[in-house]
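As written, the chains take the letters A, B and C, and residue 1 is the first residue of each chain.
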Amino acid sequence: NTDSTNMRLRLPLLCIILEVILIILFGTLVEYNDDTHAKLWNENRTDSATRNDHENEFYYRYPSFQDVHVMIFVGFGFLMTFLQRYGFSSVGFNFLIAAFSLQWATLMQGFFHGLHHGKIHVGVTSMINADFCTGSVLISFGAVLGKTSPVQLLVMAIFEVTLFAVNEFILLSILGVNDAGGSMTIHTFGAYFGLMVTRVLYRPNLDKSKHRNSSVYHSDLFAMIGTIYLWMFWPSFNSAITNYGDPQHRTAMNTYYSLAACTLATFAFSALVNPEGKLDMVHIQNAALAGGVAVGTAGEMMLTAFGSMIVGFLAGTISVLGYKYLTPVLESKLKIQDTCGIHNLHGMPGVLGAVVGAVTAALASPDVYGHGLQRVFADVETGKWNPQSRGGFQAISLAVTLGMALFGGLITGFILKLPIYGAPPDTHCFEDGLYWEVKTFQYHFYTLTASFSERGWLDTEGTKAL
Amino acid sequence: NTDSTNMRLRLPLLCIILEVILIILFGTLVEYNDDTHAKLWNENRTDSATRNDHENEFYYRYPSFQDVHVMIFVGFGFLMTFLQRYGFSSVGFNFLIAAFSLQWATLMQGFFHGLHHGKIHVGVTSMINADFCTGSVLISFGAVLGKTSPVQLLVMAIFEVTLFAVNEFILLSILGVNDAGGSMTIHTFGAYFGLMVTRVLYRPNLDKSKHRNSSVYHSDLFAMIGTIYLWMFWPSFNSAITNYGDPQHRTAMNTYYSLAACTLATFAFSALVNPEGKLDMVHIQNAALAGGVAVGTAGEMMLTAFGSMIVGFLAGTISVLGYKYLTPVLESKLKIQDTCGIHNLHGMPGVLGAVVGAVTAALASPDVYGHGLQRVFADVETGKWNPQSRGGFQAISLAVTLGMALFGGLITGFILKLPIYGAPPDTHCFEDGLYWEVKTFQYHFYTLTASFSERGWLDTEGTKAL
Amino acid sequence: NTDSTNMRLRLPLLCIILEVILIILFGTLVEYNDDTHAKLWNENRTDSATRNDHENEFYYRYPSFQDVHVMIFVGFGFLMTFLQRYGFSSVGFNFLIAAFSLQWATLMQGFFHGLHHGKIHVGVTSMINADFCTGSVLISFGAVLGKTSPVQLLVMAIFEVTLFAVNEFILLSILGVNDAGGSMTIHTFGAYFGLMVTRVLYRPNLDKSKHRNSSVYHSDLFAMIGTIYLWMFWPSFNSAITNYGDPQHRTAMNTYYSLAACTLATFAFSALVNPEGKLDMVHIQNAALAGGVAVGTAGEMMLTAFGSMIVGFLAGTISVLGYKYLTPVLESKLKIQDTCGIHNLHGMPGVLGAVVGAVTAALASPDVYGHGLQRVFADVETGKWNPQSRGGFQAISLAVTLGMALFGGLITGFILKLPIYGAPPDTHCFEDGLYWEVKTFQYHFYTLTASFSERGWLDTEGTKAL
């Protein structure tokens, strides 16, 4: 079976062609923006005596960018290492498709909403936006984890990044809505796109690999590295591209409180749904993060710490309940095989976040926001602002996003179904050895001890073995 | 025995009740501060043309906050994963009690020293302070690690956070002393509180779990993730809430030098106290951090790089010697079972830090500090400043902290002794399986290889097995 | 054999003597700089009403410093944990020699190019520079990994730091060249120094330890922690000490694009050079980082995103090809045993970076840079600037660096060859047990499963064991 999954020509060819195309497009379309260009930045300085280096956007955005970067590469990468024999692929393919997506996203986002005289201007804000778009692809990766070849994943990224940019353009530029932390553009879009892709790629015989579709002790600890980094830096994620000053500050704090409340809900419901009251690492690793997703839209508004905590608590609750009761149903009834449970971490909390955003926007008033109103809601300045219509546009955006994601995922799913990408056979899903040099005995000790255990050579406590 | 430790009702009930109380109190008491409030921040902007967004405290404090946040969740969490079968609980319970404590601390610290017209004002500084208080609880957690249920830990956190806030109020607001990095308020308090709790919870039959009270190869590597992050970000910890400008800059640098010197002392004494000259991971993981603790008070003063290095070297030395010679005596003579050796990492170095702070304060003079004096010592502005009395107040603060910690730990210990929290039996301490879903065979290979080794099936080199 | 490698006296003695010397030298030579000194910072404030705390270099440099710090301690430390039985030493010795080197580097760099009236002034910039110099030592450590005692490593650090400071002085102060990210001063110097040291320390019988000179499944995952952190924070590394404003911003962005392109090249060529098209963790862990090395000199110039991507792509390509085809030749023909393959990650990409820097400097013009020219090329202000000669000086600097590194490595190698440092015997290289307390059975399960596998007790899939 190694022939059908051999990557020797397919992967190098695709990577090299893609990178050559990227280099050509960057060479013809991309330019430094005012804050990164030696001439432009220093010209402006001369013009106006009050402009100083500390006003360069680098100092307002770069620390947040690095936190987001950690979430993309360490957070998502290690979160998915929970599978016992898929650690190399989880971190490695995450690395590959993220490195591609951030370049492609720079072009697509620039093309749709960043052209200046026909050129795409880049700087730290475009870097953050590219990382955000990449996050959406990595969410979808979670749904198909273990069941796809790296070539398939790159092809998925090409389409998903493009559609992400279109959807983002509709929401932010046409409808003019708020979604700084991406409850809709990133989480809802990435989740439903990925769920539709995995639906189309449904494998009726995935059972043949089920002994590998679970964690072992140390792989769960590696996954916790991903979880904790995502959790800690989520305040930076949601606040990375809000306006300077109070909006950035407030967003970070609202997210912090939402996540704290979410964590308590996660532990509570994880113990409650287990007959022996035992906690489940799957819940802790994932549901505790739902609070960050759910304040992705409203975080920059005057949601208050109190409101953030309520939203976070709800998000954690629905996420745990989703893992316990909904995921099995999605698989058995709707044929959606969602390896990481992205519906529970990004799907439902993303929709919750969109609704909370719509309601919070509809409740906004000059009394509460003062002169800060126009710094949160862009259309205040144009004079068209009206809280009810603002809330309405937020709600419409959710519908648009769901439509785009499901439709895009459907098309992309069928493209990925072509038998040319070297996808793993049903018997070899969730297995690093297919695409990586692995000294096979290295993970056999799990099997070995399992066999011994079944034979009674090890007691259940493991303390009086043999 | 699973009945007595079943968390199905206890843990959810406690988590949900606590979070509901927190939400209600936040709803009635907590408000955005000037820097996070849309109206207030932008009103001030209009009043004064010179105020700019870059003056928002977010840009001075948030990068430090994120470093502190990493120390709390990754640093403390992974440092405690050294136990072979307690990794889920170490990271997981750390996560739970930290998420609770930071919310509760915001209320308690706000109540004692942050009320504005009856309201608690929150922003990035309150977030750092809440994380600091949480750090104190996690220090105490280290003493009782492996011997407590999550319910017990939450109850401990309720009391410890409250007493922490009282002690901090006495030191900072009444006595007006300096303790930016918390040698006293965080480390000394957390350590002696935890030591007293574990003394009250003394288990004469803990031997029954001793085979699990040790590390294995990979668990020690996970623990090093915690150590290294604590070590790297300690300069941010000590400088996070000092005044802007030179104090913040100087504190970070002093801490950097103290830690570097401490590391050399740790390696030196770890090899020296071992008959074969072999290094002990316990020392490297813990004692190398004592240098950060020991400049927690004096770091913001003109301690000089040279002085910082002497303090760091001393701290590393006493910490290693403590692990080697004092911890066994504390256990056998004083019945203090200190799982992580917090007395060596936080207790003694904290006291050292308090003394160094008192001496450095007593030596301060306008000659050395110039106009910077009032930016380090708050009472210069009130005219009451006098270096000797300042040093004296610092010393008194240490005594107050020790008293508060020991008394608070005593009371809390007795409360935790009630047989209602589902504490683990003596035979099942240091064991994840009690509170977590664990596929039991997963950590059996350690036992298996140990058994084989004892039977001579594996030689001591491990290279010619079987 | 434990006698000859016993560290009980050697290591403590060396550590304590070194630290005492450091403390004495710091006490006599080192002073706070203007931005860290309570008196000096606040004096200047009074003199000029426009100077504000936010102008303290702390706020421009400290976030970058922390990212660099993470690269030094987590990045390098964990990258080297890939060996199956050398994780304690990789992280631990990395920790020790880094903690020493940063102190020693502060003195050496200060002595050669930072004296003010006979005193060394320290602040966040000196901290970054000291970390940079430490990076160079850790690169060399990669070449001799597993074959040296901690005492040897400290002795190597003493000499390497000193020569690094001399070379840096020649390049930056005498020749006045640009090398903000250290393609030459850090990577080329560290690599060729280390390669020469390992050449002199050549072990003809290293085969006796070859069964330990490889990775296992989980050690490769630990190593990926190092890789990913190095990759993410490299933009901060290259931009940490450039001028404020556009140069810092531009450097970070150029590095980001170079690394992204490098990652695609790495995956492409890793699959291409393997007969079965399987990816090799050694390539992913190392070659994907070469893009950061290769824009270390030119990153601050107007290289453009497009140029950065070409450089990154080339760097990844030569790095993978080096691992596959050059490393075996270096070992068999030139007797250079390069454990981590530093020639492929730092050597060749460093030279490439120097050449790219020379070319980019030679192409610089006022048309492109405007008033920003003098902020990148220091000699513009002195009026001596001329793009061709600038390019020429850059090229000369590469030659100087190679000469200094090879000569320094040769001398240091012979000093390290003296039989007094407790180096490991050929039979016990790549083995933690020599210098660390290790419960030996802990890593035996690898051997155990290997034995079982050889006997056919485990099939190659590991799914139907026994």
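The criterion applied here is as follows: a contact is a pair of C-beta atoms (placed from the backbone, for glycine too) under 8 Å apart; a residue touches a chain by one contact, two chains touch by 3 or more.
Quick caveat, the model's predicted, so the values are computed rather than measured.
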Checklist entry - Which chains are shared contacts of subunit A and subunit B? => result C
Next on the checklist: Suppose you list every residue number at the subunit B-subunit C interface; are over half of them used by both chains (same) or under half (different)?
Outcome noted: different
Item to check | Equivalent-chain rotation between subunit C and subunit A, CA atoms, steps of 5 degrees | outcome: 120
Checklist outcome for this item: In whole angstrom, the CA-centroid distance of subunit B from subunit C equals 32
Checklist entry - What positions in subunit B touch 2 or more of the other chains? => result 54, 59, 63, 218, 225, 445, 448, 450, 452
Next on the checklist: Touching residues of subunit C toward subunit B in the complex: what are they?
Outcome noted: 2, 6-12, 15-16, 18-19, 22-23, 26-27, 30, 32, 35-43, 45-46, 53-54, 56-59, 62-63, 66, 69-70, 73-74, 77-78, 81, 87-88, 91-92, 95-96, 99-100, 102-103, 122-124, 127, 150, 211, 218, 222, 225, 435-445, 447-448, 450-452, 455
Item to check | Touching residues on subunit A, where the partner in the complex is subunit B | outcome: 54-55, 59-60, 63, 67, 214, 216-218, 220-221, 224-225, 228-229, 231-233, 235-236, 244-250, 252-253, 256-257, 259-261, 263-265, 267-269, 271-272, 274-281, 284, 288, 302, 304-306, 309-310, 313, 368-373, 375-376, 445-446, 448-450, 452-453, 458, 460-463, 465-466
